[in-house]
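In the two assemblies presented below, chain A is common to both, partnered first by chain B and then by chain C.
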Partner chain A sequence: MQKALTIDPGKCTGCKQCEMACSYVNEGEFNVSKSRIRVFDFHEEARFVPYTCTQCDEAWCQQACPVNAITTNEMGVKVVHDNLCVGCKVCTIACPFGTVNYNASTGKVIKCDLCGGDPACAAACPTDAITFQDVEQGGFDKMRQWAARTTAGTEPSGPNAPA
Partner chain B sequence: MGWTGKILRINLSTGTIATEALNMDWADKYLGQRGLASKYLVEEVDPRADPLGPDNKMIMATGPLTGTCASTGGRYSIITKGPLTGAIACSNSGGYFGAELKFAGWDMVIFEGQSPKPVYVTIFDGDVQIRDASGYWGKTVWDTDKGIKAAHQDPQIRVAAIGVAGENEILYACVVNDLHRAAGRSGVGAVMGSKNLKAVAVRGTGGVKVRDFKTFMDATNAGKKVLKENAVTGEGLPAYGTQVLMNVINETGALPTRNGQDVQFESANDISAEAMATPRRSDGKPNLLTNQACFGCTIACGRISKIDETHFTIQNKPEYWHASGGLEYEAAWALGSATGINDLEALTYVNFICNEQAIDPISFGATVGAAMELYETGVIDDAVTGGIKLNFGSAEALVACVEATGKAEGFGKELGLGSKRLTEKYGKPELSMTVKGQEFPAYDPRGIQGMGLTYATSNRGACHLRSYTVSSEILGIPEKTDPLTTDGKAGLVKAFQDATAAVDSSGLCVFTTFAWTLEDIAPQVDAACEGNWTVDKMLEAGERIWNMERMFNNNAGFTAEDDNLPKRLLKDAAKTGPAKGLVAGLDKMLPEYYELRGWTPDGVPTSETVARLAL
Partner chain C sequence: MYHVILGAGPAGVTAAETIRKHAPDAEITLIGGEGEPPYSRMAIPYLLEGKIGEDGTHLRQEDGHYETLGIAYRHGPVISVDTGARSVTCADGSTLGFDTLLIATGATPIRPPIEGLDSPGVHTCWTLEDARRITEHAQKGEPVVLVGAGFIGCIILESLAKMGVDLTVVERGDRMVPRMLDETAGNMLRHWCEGQDVRVITEAEVDAIRSGDRAALAVHLKDGQTLPAALVVIATGVRSNIGFLDGSGIETGAGVKVDPYHETNVPGIYAAGDVAEGINLSTGHNDMLAIQPVAVEHAYIAALNMCGIATEHRGSLNMNVLDTLGLISSSFGTWEGVEGGDRAVLTDEAAGRYIRLEFEGDRLIGAQTVGLTDHVGMLRGLIQTGLPLGAWKNKLIDSPTRIAEAYVAVMQQGPVSGYTGPKVALPA
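Entry: the complex of A and B
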């Protein structure tokens, strides 16, 4: 089963625990400016939105890389190989979402690699705004919510309803 | 680690910027933030210095857990000598500014002197500059925040700023960061204004390290689990914010109403958390849109509200037709109950203006309450108020007052004196609901006796955050005590004061203590910092900090006579509710408190106490 980060901005409080967990796992310190996931605060609209790489199937970053430093692993994750990356930043231009970024202190690019299959951001999120689940079921909870609304307030009418 | 080990010293008179190593001997005794910065202040500032003069200093300080993944680890404090009180001031704020300062590499910033012209300071990692702020002087906090981010082309900058009130030394002007988080009390914004310092803009790209990451992650995860499973921090605060208290405290008969004339407000429910969440009759939408966390906080008690666009306060002001920081309990009380006003939308608007112009809503609302009593008893009239019909219950009057005070115009300037100076000016000092010149907040000591001793002995003037015995007396945390008796309250207040001083020095938020004790906190601090931080060591640091603050105040001229309460609380019994017939029994608690503290009957730490705490 392929898994992916599922993000529900409606549950996000803007606490940045995801950013700290990410930077701790990847940088060995708490440093939100180096986090691969970022929370955006649309203050006047009262919305907080966590955002990170969605691991495109046909990934622009991967296709743009001139030295094949970005490969796809068995979980479908696009992984940057630091030993191959030359820091040309073409992938950062190619990515339509801005989720691959250059790290000046290493001269390499950084992006979400799902922590090798156990993403720290999802584990750290206190409100389940970020979860790690079956990539094909990402919309399941939302569908369920809307499904509940389609028959809300009506009497059971199926074949098993009391006569 | 935990600390970055570096501090910035910025002299605004000379324009010099210096860096120095953090005094680690002091860090071992005072931990960080409130305690450690107070140590620097006590060592460097004459207790008798003019708070608004060049000899006062203003310190912005983080704690060792600021900028870590410890829940609520994003706090910073502003420590200075306060102009409202003349006592040591320490105002604590959340948002994201504190963590950003830490990421920029600094434990604290000490501002000295007075700039000859308006300036703002940028701290971009190690690049620190004093810049011309003439383009921002006279502007609101919100416009300044927007302007600085645009000027430096960096939306990730975090700004702490004063509004027009602080520029004009309104005595309870505060410092607002991240648009609606405030270092709120004691007039720290007036000190910033006196230094001609409009704003501090910070951007940090460095990391924060702790002593033992593995142990730290285990300790902080255990702490987060406790917060999540606790009814107050896991359910009540995220859903209702601190406003969960409005109806509770009203039913307790401890909601100071109309300048403390009553202890229950008949319209409390109209301005409560429940009201904020209920769809409005006008537009079918609730006042409250969502909750927000400060940096690192897994509780998320912050309120984000939007005012009804058709409400009289903003119907012609589309610039306020957006979401921003909503009412928390103390603000809702001061703006509503202290003034007898039940218009939730008006209170939300006034709260917006308090954030936009950086004034403390507690002192502001309480001062308006006192002014309303002056007005209704005929001591002041329309000629004094500039035509404002200052009756209890008038939302229109409150709105006119906040706009005038925010801009330091007309009657707003008089309100900006605070209720002590205002009532003295008109010969009615007994109408000021203050201790040491600072307005007391949303708990009436007649109905919650421990809060009387809390207010009377608070080192920064009347305040609930120095020993929140409401936890024990009303909520039963950590154990229930009877709010109507004075028995045992001296010990309770001392224990809360010492523990809170330690928490305030760590980088954590005191709201965690609805669920956490020092047993939960010490392991997190210890995993982050060198120095074997046990519960006992934290408590001792807390007691040391409390006594250090006290000695500064004694040297500033305060005496035991200042450990007092307004006569109204001591003489006029509560008229209704569970506390009906009771006055605040301060005289029954204060001598025992002095004794437990190891102070003389005159409230001075004995030489044994000073020696025991290595002060």
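Entry: the complex of A and C
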């Protein structure tokens, strides 16, 4: 069974421990600008929203990569292969969710890969705003439906989803 | 069904794989125009600067990828299409019949009418073969003249500069990348390049390339200047490879004409990628959008239709991202704006930062950025969904850096229960 990150912004207190944990585990430093997950702070509404890659079924980033440097692993996770990534950044503009970022210090792109199956953000979250759950329990289908719903109401979810 | 695909670039390869996914028993032949494994032209600049080897340019990395998928890959190029007999003829005289055909033959560099363009040491930068020749000539410290500072020219600029040559860029327009960035952003790129010892000459045209005394070649500009060059690289635009369709009855303009299903006027014959005039999402009209993500979108839609899965294309968004010696710029959609629309601008040239957002009503329709890399894809998301920004429009006009916040806030509107991730309108 596939697992996915489930995010409940209502439980987020904005402590940003997820960002610190992500940066430390993936970059070896506490530099939240290199975190794959971001917490957006809507202070006018006193609301915090953690935000990261949802591992699209048929991913825009993967389709846009000219050198096959983004592949899908057995868990359905879209993974960047640093040895193949040339740093062209096309995936960063192709991902309409904005969850692939360029890392100038390595010349490669970075995105959430669920830390290989044990996401540090979920482990670090003290309020269960970010949990790592079986997809059926995580409302994954609901998420897909949401992704499919659009202003026009008819478009499929993903660059490659047939009508 | 027998599917034949002309062209082994991103569009051709994506189409072949998509057909295989939806039609396990179909016969598929992919015909390449060059004697190379299917590769990515986009990777060539990185090959030049030594970031990857030739293997790294290949579109698919696994050994036996095409054989495993039952995709026959053969060398062409195809020189003619017989729509009556439903067959294609290759340069070696062999013919192949087809049930459905995909034209994904891409584009070729334009060779401007310049005296001496055929001299040794003058190259386009388009194929792996071009890359091999440029690598031979682009020796450290040698004078190199790059003709054209459009999008492709600017990507080549970066690799030539990294190869350590003494570089001069000659551009006909009034700024760098005039079709991707406005004057402010284009000039930021120029000043950045000049700060890194790349000479940039705009509003200049090459008159002739002759043998020189200070270097092997001398590039003569129309204004009388002469530039020494050990190597001249031509990047003055591309045109669709449609010449082989002359007399076939397949309708062409600047590229192959297609309907929203990417089918040409001849039933069962489709076109995708740089060769096709697909729908531009921003205008609703058919247009040439010669970029990798669009090629892949076209190919996917054409392939589904070739398999009998009727799929209409809503249109592709024009977008580009460029790294010019470390200064990163991007543009999306109708970046030049529309009459009566509103605009948000942030300019900080000293910090190498520029954001220009264009609105129509309270929707984002275009954007360009310099120095922005975080969450830059959200600009695509906002433009492509056309979601109303509501109060966020004015917040963006006040502070354009709040793009990511605006995106997350707008995407969160609507019914919320359980998962609260982004909702995005995606093209078919």
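FYI, the second predicted complex is superposed on the first by the 139 of 163 C-alpha atoms of A that agree within 3 Å, B and C clash if a C-alpha of one lies under 4 Å from a C-alpha of the other, contacts with A are read in each partner's own complex, and residues count from 1 in each chain.
One rule holds for everything that comes next: a residue touches a chain if its C-beta (ideal position, glycine included) is under 8 Å from a C-beta of that chain, and two chains touch if they have at least 3 such contacts.
Keep in mind that what you see is a predicted model, and the values were worked out from it rather than measured.
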item	value
Which superposed partner A:V86 touches (first chain B, second chain C, both, neither)	second
Partner chain(s) touched by A:A21 [first = chain B, second = chain C, both, neither]	first
First, second, both or neither for A:T13, with chain B first and chain C second	first
Touched chain A residues, chain B compared with chain C	C
Partner chain in contact with A:S33 - chain B first, chain C second, else both or neither	both
Contacts of A:A46 with chain B and chain C, given as first, second, both or neither	first
Overlap of chain C and chain B interfaces on chain A (superposed complexes)	33
Contact set on chain B toward chain A in their complex	67-69, 71, 96, 99, 103, 156, 179, 204-210, 213, 217, 224, 228, 238, 289-298, 300, 304, 306, 322-324
Contact footprint of chain B on chain A as seen in their complex	13-17, 20-21, 23-24, 27-34, 43-48, 124, 126-127
Touching residues on chain C, where the partner in the complex is chain A	10, 14, 18, 22, 40, 42-43, 46, 51-52, 56-61, 291-293, 296-297, 300, 304, 309-312, 314, 319-321, 323, 326, 328, 330, 332, 373-381, 384-387, 404-405, 407-409, 412, 417-428
Residues on chain A engaged by chain C in the complex (per definition of touch)	6-9, 33, 38, 40, 42, 49, 51, 54, 60, 63-64, 66-68, 84, 86-90, 92-102, 104, 107, 138-140, 142-143, 146-147, 149-152, 155-163
